[in-house]
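Each of the next two complexes has subunit A plus one other chain: subunit B in the first, subunit C in the second.
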Partner chain A sequence: MPDLTYKKIGKEDLMKILQEIANEEELIAPVEMFGGEALFQPVKDVNDITFNYVNTLFPPKQFLLPRFEKILTYKKEDGKLKVEEIIEAPKRTIFGIRSCDVEGIRYSEFFYSGKMFQREDLADPHFMARRNNLTIISVACLNPAPTCFCVCCDGGPFLERGFDLQLTDLGEYWLCEVGSEKGTAIIEKFPSFFIDAEEKDIQKRKELEDKVLEKFGPYPAFSGATLRRITEGNIPREVWESLGERCIVCGGWQLLCPLCFCYTVVDIGDENEGYRARIWDSCHYEGYHRLAGGPNPRKGRDRRRERCIFHKFSWQYVERMGRHGCVGCGRCVITCMGYVHMPQTVWEIRSAFREESYKKEAKVR
Partner chain B sequence: MKQELLFLPTLVTIKEIKPEIPAVATFRLPKPDGFSHKAGQFLEVSLFGKGEVPISISSPPSYEDLLLTIRNSGYVTGAIHKLKEGDVLGIRGPLGNTFPYEEYEGWDVIFVGGGIGLAPLRSLLWEMLYHRDKFGRILLLYGARSPADLLYPWQYEEFERNGVEILLTVDRGDEKWTGNVGVVTTLFDKVKIEPERTVAYVCGPPIMIRFAMRDLVEKIGIAPHNCIATLERHMKCGVGKCGHCVIAEKYVCIDGPVFRYPEIKMLERYDDPW
Partner chain C sequence: MEIPVESRELSQLKKQPTICSFCGCGCGLYFFSEGFLVPAQNHPVSRGKLCLRGWSYADLRFTPKRLKSPLIRRNGKLEAASWEEALNTAGEALKAIRDKYGGDAIGVLGSARASVEDNFTLYQFATKVLGTKNIDSFYRLGFFPSEDFSFPDLEKAEQIILLACDIAERHAQAASFVTGALARGAFLYIIDPRMPQMSKLASIHIQPSPFELLKEAEKFIEELEVRGDCYLLYSSEIILYGWACEARKVIEKAITKGIKPLFLCDYANQKGMVKMGIHPQGGLSFYEILDEARKGNIKALVIMSDNPSERFPQLFKEAREKLEFILVIDPLRTDAVEVSDVALPGTFFFEKEGSTINAEGRRQALHPTVTPQVEKNEIETLIALGEKLGVSLPFPSGELVEMEMKEWKPELSPTTQHTPSPDYPFTLLLDPSYIWAGTAMAQATFIYNRESSIILSDFPEGFVNINSEDAKELKIRDRMPVKIETPLGSITLPAYTTLRAGKGVLLFPLYLWEKVAEKLGGVEFDKSHGMPIFKPIPARIAKEE
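Now for the complex of A and B:
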């Protein structure tokens, strides 16, 4: 664990700082919309920011990997084709992001920077430009939602890395943990607002963390056993078939998951003028896997489900990415209509083995 | 590859289009400045307004131009087939890993191809023919659906002149066909090789790769490590970002497309590499 610098800041002062940031660059913060859902939106006036939320409906991944992004334009001028790349990377600060989403950003960054393949020469210029211009001010969770299970997934409720500033609500003050140079830069930019935190503040934060851990709801995902079984590759076919049978292939899980980052590429326009765009994609869609000419190696829903869970929970990926692919934000629990979300999948894989071992024991007897 | 060129294609003009067999044509493109590739790599070919497709390079690295043998099998390749000489294509690459072959100098080489699968093998085959003295026997076992579907028939004579032993087979012969009839694995009974000093390169339809690799190991007795195949997957980015080409934990665009048999066997446990 790196040595963190602890500071604290008054609640009013924080709003002043945020207003300053909003005036200078793009401030992204949760805003109440659509009758009570909190969503990350660009904010001009800090009074719009809501603090009455557990987590936002969408993860903030769209600010790093937009849902729809033009990557290049082409135009035919005097019979000659001109192609230009578009890299859009405004300077941004994101406030109010939860620990699970910070961890999701760290995971995506590890992938898009090419570190997963030890090929940093293949870093994605679009993603990395936006990531380098993004400052993260996260807020630790004190009241998890009933759907949250980040404690099981090493994704919160408090973090030790990945953020630039991590705030904890201490009543009158926010406790700030500085996690990077960008965080230090904020502190140095507004020196009069920040005061050094005392030992009792840090003690209080630890007490709060202990208290939060007791509040978690009924969706545990004990991923260890699942990870082992997926890595061994011997999960009974019936488990996948049962999960695939109930899946309605809406793709909601992948589109809401802060760690999902697959996309598809389309050309929009004719041969003379147009642009190439990339759009979020989901490995649950049949067309995602289809090869040229029509054959599909993962035609069945069960195979697509298996593919997704293998990406999330296999040692092969943990080895390459440094962690498994779930942070326990609970969005899949909210969105999944077929009741095949992550905790349910994990539970079914585990219980399938329990039944198997019961059968085996019965035979021995 | 330079990072700013990761998604930005280089524009090239088609020099020549040579129809090969029904629905297959070879496109001759000039090499952009500073372009160099190795046998087994592929290009992302873009036709603006239609999209991008991964196409393996069929010309050897030492050849002055790039040859891409493209089959008309979908939306983008269908549009590419409608192009004329002088039209502009975008290319990104070279991408992917390469055929290991320098470590096999002095060994015998067996190529097993099926259908359009000869196209990626041709790059390596010609590279070996440019350095013919470094390798022992070179065999080419090649099968196609019918005699009319045999790829590069105009070149077999040149291959033979350079000391390649060619064995052909077709699934269904016609009245003029006098050669072997059957799948490509039926040719394995007709070749006599020393398995301990032979390396095999395989490419073709997935089902053919699967059985050819199995027979090479079990019937002929080549060490699994020395059976090398190149796989194909649908790709969007070609640089390990979009996630379409993944088989278990391997990204075909970065970890592949060339895999050895033990690697593929390992993937088979978790996913369907065929």
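Now for the complex of A and C:
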């Protein structure tokens, strides 16, 4: 384990600190909705925060890359077009975010900061402004949901990087791992609440991590096998066709994936006045791939799925981004309408080489 | 214009789910004013899943198609006006027409994307204020009065029959339930002259000639050995082919065998709308209202969230020329608003109190989860308009609405069918797919608008779907114009060669209905339940010279 500073804090003390933060800036935390599920929302009163959740269906990437975002306005004045950039980046702290989503933020940041292309001058000002103003207090998972498979994808349940503070529930205390200067700043701001963690606390955290690993459910993702087979490019066409037949093209997988960052832009307004907005898009949609004039290199659903998995698992992207494109949050398992989510897809890719019968009939698990 | 909702804790209401107003599945979702939504995970229908339409539903918050202020036509141009002025103008015009020609000279169109309560108030407005019997909706197209069911049960099914319905395209949530059932080992049987997406997953796919569709279905149901829960899914197709009466017999036969029928409504609140009395009750049906307007017998139209030009643009255009007055109440700036005399803004599902009934028959509550962008909702508008005409309308309270809720059981009569002949080896068939392409709801979104208009920009002149193998034999390539000859007349359309059309079947999309029917002698009509129909027609292909 790398050198981290370990602190601990009482449960009530943490709530006091969070309330202080909520008073000063925007605090984002999980809130219970009407149906009982949790959702990350701006919180004014810390009593609204729920701890009864594994993860939220809607990813907190919303606070870095909003689903709908105005990026510029334009106005015609005296025959000249006046364009103004809109950068909305309030100071924010996000509490309760899970490891997989922190890893997702790190991945998106790699793209939007331009590091992916080794061109930091190309950084996206909207995303980066919000990222720089965001403090991440993550909470490690002790009870994964049946849909979780982060353990197969290096996306959790505990992290070693990417967070500012990582909290682990030790019963009476929260163990705090400080991961960045922003994290240190919080500790220094509220020195009376934090105490140094003892060796037995750190030992307990390690034991908890080992225990969590045993609790993972029935959705293993064979990402290693998939990575090699995608990179080699020898997956039978039938696999993609079979997956495409079941795909209902809802795009929910990409919209909820904490690592997916594709967007499209729309112009709203007339020739004199209006604005440009950026909205989430999905590579499973036909219009995403359609070229001007009508030709579409990926008209079939199977081709679009292939492209998606290629981006997520091909070595050329892994090399550039530093990891493959799945953190195992399990959101696709919940939201996929055709039951061809990530674990299913990689399972079929892997089994295609084992079962000759694959070609004969569509497999549905 | 942001108007606060009085005495309501928005922070609490924000946590309540609202319902999608696209198809009849009725998915629950949490809607946020920032332009995003979250599928409700604990909702029995959505279960954390949404289709492309559902995801795009969030765009309605920022749509440039939103009608935000009342409009009045002055000197041939629509101009923004105050609510009071617009209500006065509309009230006076409707009063003048009612007093001069009588109430029955006014046609009223309700909507399946308005709530149950909105339709209740509209019905009260039509009968008590205007005194007209002519009340119906273009959103009733393809409706069939049917039994209630439960989507979650579908996932436990052992056998599923799809009778001529393309669920992956039109009822994605139903398709998800079916795929879920298949994942648990269910069997899927499809009886469809087309090749819908689900057909690849079916154990048996019977592709009958369209003329034999119901006969084949009856035979299949008779021979089927029912094991466990068996469901029969059907949708507007067989109704639009003019087989409502025959279909009912097949459905009854299925019920006696223990098969549970599921009718999938095409539009969100179609069932609720019909239950509130928006169907022909001694008066004219939606198609007849415009037809009579074209002849000059209907003088004014009151349209609530409906847009006749989506399905029958030519008919609406001709009717518009004869109509003296059109009032439209709609949250969207539709084509109907563009030709109206007075237009009043309405509200979306996520901006009002009320309820909606989905295809299952599940009545779901609606709450204003975001602050409405307009001053008045439909109910307030209609009640205010009633006051202008001197009648005070009741507020649609829960009890009142329950009391008025009635099932509609029209007396169906069989229609005569065209007979196939050896001279005409093909069958021209209406395909109610691409149902949302070009509609106001689709155009109001961003991503779904892009997706649904691909077919419109690929084939701006429309298209006829020809089976790829047939096309190969006839040496027809994509986009090549083909002349389709039928005993009734002929029409030329660009070819679109896919496997979607079965062998010997020529499919044309719903939005071309009027154009195709015009060349073949006009839209046919089933008087018994007030429904325009398109019977399968024998056809042959002649290459365009």
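Assume the second predicted complex is superposed on the first by the 352 of 365 C-alpha atoms of A that agree within 3 Å, B and C clash if a C-alpha of one lies under 4 Å from a C-alpha of the other, contacts with A are read in each partner's own complex, and residues count from 1 in each chain.
Just so we're on the same page, a contact is a pair of C-beta atoms (placed from the backbone, for glycine too) under 8 Å apart; a residue touches a chain by one contact, two chains touch by 3 or more.
Since we're looking at a predicted model, the values are computed, not measured.
Subunit B and subunit C, once both complexes are superposed via subunit A, fit side by side.
Residue contacts after overlaying the shared chain place A:Tyr317 against subunit B, while subunit C stays out of touching range. In the superposition on chain A, contact is made by A:Met33 with subunit C only, not with subunit B.
Once the two complexes are overlaid on the shared chain, A:Cys336 sits against subunit C while remaining clear of subunit B. In the superposition on chain A, A:Leu291 contacts subunit B only, with no contact to subunit C. In the superposed model, A:Tyr112 lies in contact with subunit B only, and not with subunit C. Geometry note, superposition on chain A: angle between subunit B and subunit C about the Cα centre of subunit A is 80 degrees, to the nearest 10.
Of the two partner chains placed by superposition, only subunit B is touched by A:Glu271; subunit C is not.
Contact with subunit B, but none with subunit C, is seen for A:Phe261 once the two complexes are overlaid on the shared chain.
Legend: residue contacts after superposition of the two complexes on their common chain; A:Gly233 is shown touching subunit B, with no touch to subunit C. By the document's definition of touching, of the two partners only subunit C reaches A:Gly251; subunit B does not. Fitting both structures onto chain A leaves subunit B and subunit C with a minimum C-alpha separation of 9 Å.
According to the touch criterion, the shared surface of subunit A, contacted by subunit B in one complex and subunit C in the other, consists of residues 264, 266, 269, 281, 290. If you check the complex, the residues on subunit A that touch subunit C are 31-37, 39, 57-58, 62, 66-68, 245-246, 248-252, 255, 264, 266, 268-269, 277, 279, 281, 285-287, 290, 294, 334-339, 362, 364-365. Those residues of subunit A that touch subunit B in the complex are listed here as 71-72, 74, 81, 83, 85, 111-112, 114, 116-117, 119, 121-126, 233, 261-267, 269-272, 274, 276, 278, 281, 283, 288-293, 295, 297-298, 303, 306-307, 310-311, 314, 316-317, 320.
Those residues of subunit B that touch subunit A in the shared complex are 1, 3-4, 6-9, 11, 46-53, 73-74, 77, 88, 90, 206, 232-234, 236-237, 239-244, 246, 248-249, 251, 254-255, 269-274. Those residues of subunit C that touch subunit A in the complex are listed here as 15-17, 28, 30, 34-36, 38-43, 47-52, 54-55, 58-59, 61-62, 64, 168, 172-173, 175-176, 179-180, 182-183, 197, 200-201, 446-447, 450-451, 454, 457-458.
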